[in-house]
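We just call them A, B, C and D in the order they show up, numbering each chain from 1.
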């Protein structure tokens, strides 16, 4: 992943109960840190979108997660969580995350989370909303690969 | 606590991510095991009651927890969770729990969880439902100290 | 609890995965927030003491937790966690905590956590270390009720 | 994934605190259920191997997780966790998992977890141990694609 493409960063501090018997963060927690990043990102850009929650005419669900573990984080470390939306296709989009140690920039883990936009009445994929596309285009600019629905006919 | 008064037992097995850097269960998990016991207990006796959830005319909230930690549990251990309702007063009741190792009966922790019955419209305490009292009386018999509302006038 | 006696405050922000099906923080998390407070408190005062971890000649274990739930916290709320040591007896000490909403000061929960100082070789209680008593006395002053060992003969 | 290739199954029951505000299991927990499957699998086949833990001359680390979310699990559901080792290369191996509802076989999620065998002295990859290869070959037979080190020269 290319860190220069990430325009949003938040931070989490490792809590003591997240550390396992080896004194390092249990691998299940990295996924949660990336989720903190995604929620904060959406709040930051003003998206009227709760991931996984029905909001009026649409529902967004997480369909796939990929996590690469690069180095362990330890108790009480402050971590940077970089988040961006890397692409929007017809009915799906991907959010990428980089987790690194705040003090020395050592990469802890990388994540790509794939989401699908559903019609809550049928649970079938529907086109990602235009408002959302415009919001992401405004924030991410050319760094996000957006396929506009008119192009998909 | 007097184990002979407990009429319901369920079991939990310690999962690897519940174990901390000392190889023992992180203290926050014991509380969760007791909650598993309470949920299973209510299901077992057929109580139409979700703890902490509004169900028609009533809402039940957890107001206090007391936990005594006696010995640590370890990875992969099978634990017995004994649960009972020890008293019902006018608008409150208490659930007791004993957590022990299934293989040798060593006590891990003891819990008392105090609940209050609320009117969901006002969030003020109301009398514990008669159906619930009868259900508990039928299951617990004389081992549960039940104060019937007529006695409280 | 008397908030004016607390000299240390840290903060936690509610993470989305800590919220349950009612949109409020699952009760098991409050205990974890108080633990964050205790760990930060000890770090802040410079105590060479990891709770629950053996450090040279001593081991400190959590033996009892009492939590009173006053009001629910919700997703994304910033919470203040006040922590203090309220007493030190011969081989035990208590840490109190107040959890409140940072924006309006509404009390979420209260906690008292009792610890015992053990000899790691025998797992029997031993006198709380003098260095630790002095450190707490220096930080808490008269607000902590310290029983000095000479008084216990 | 081809379920007929899986020779080991364990089960987990969804606990109430694993369920989020929509009444379904928070996505972070599926990863933990798969980990329960991997730990039980290794115990079942008798592998002298703790994932992520140093054991004598070797250390095994999780380097990548892929999870596809197919359908949500709900409170109190009993879930089957199928686990197998799908390949062993020179210094790496992959564990696959299928999570399904026990009552109707509906697929909840799929997982592939990639591990690397390290020399604990240098933290550099080393050849997967022969004892481990033989153990997996004996259990998985032709369903596991094993690259023997002699083939890699």
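In this section, contacts are C-beta pairs under 8 Å (C-beta built on N, C-alpha and C of every residue); 3 or more make two chains touch, one makes a residue touch a chain.
As the structure is a computational prediction, the values presented were derived from the model and not from experiment.
The chain pair with more C-beta contacts between its two chains, of B-D and A-D, is A-D.
With respect to chain C, maximal separation of chain centres occurs for D (centres as means of Cα atoms).
Inter-chain spacing, taken between the CA centroids of chain B and chain D, is 34 Å. Measuring from the averaged C-alpha position of chain A to that of chain D gives a distance of 25 Å. Counting partner chains per residue, chain C shows two or more touched chains at residues 17, 20-22, 28, 32, 35.
By the touch criterion given at the top, residues 20-22, 27-28, 31-32, 35, 52-53, 61-69 of chain B touch chain C in their complex. On the chain D side of its complex with chain B, the touching residues are 15-17, 32, 35-36, 39, 43, 76. Note for the complex: chain B touches chain A at residues 17, 19-23, 26, 28.
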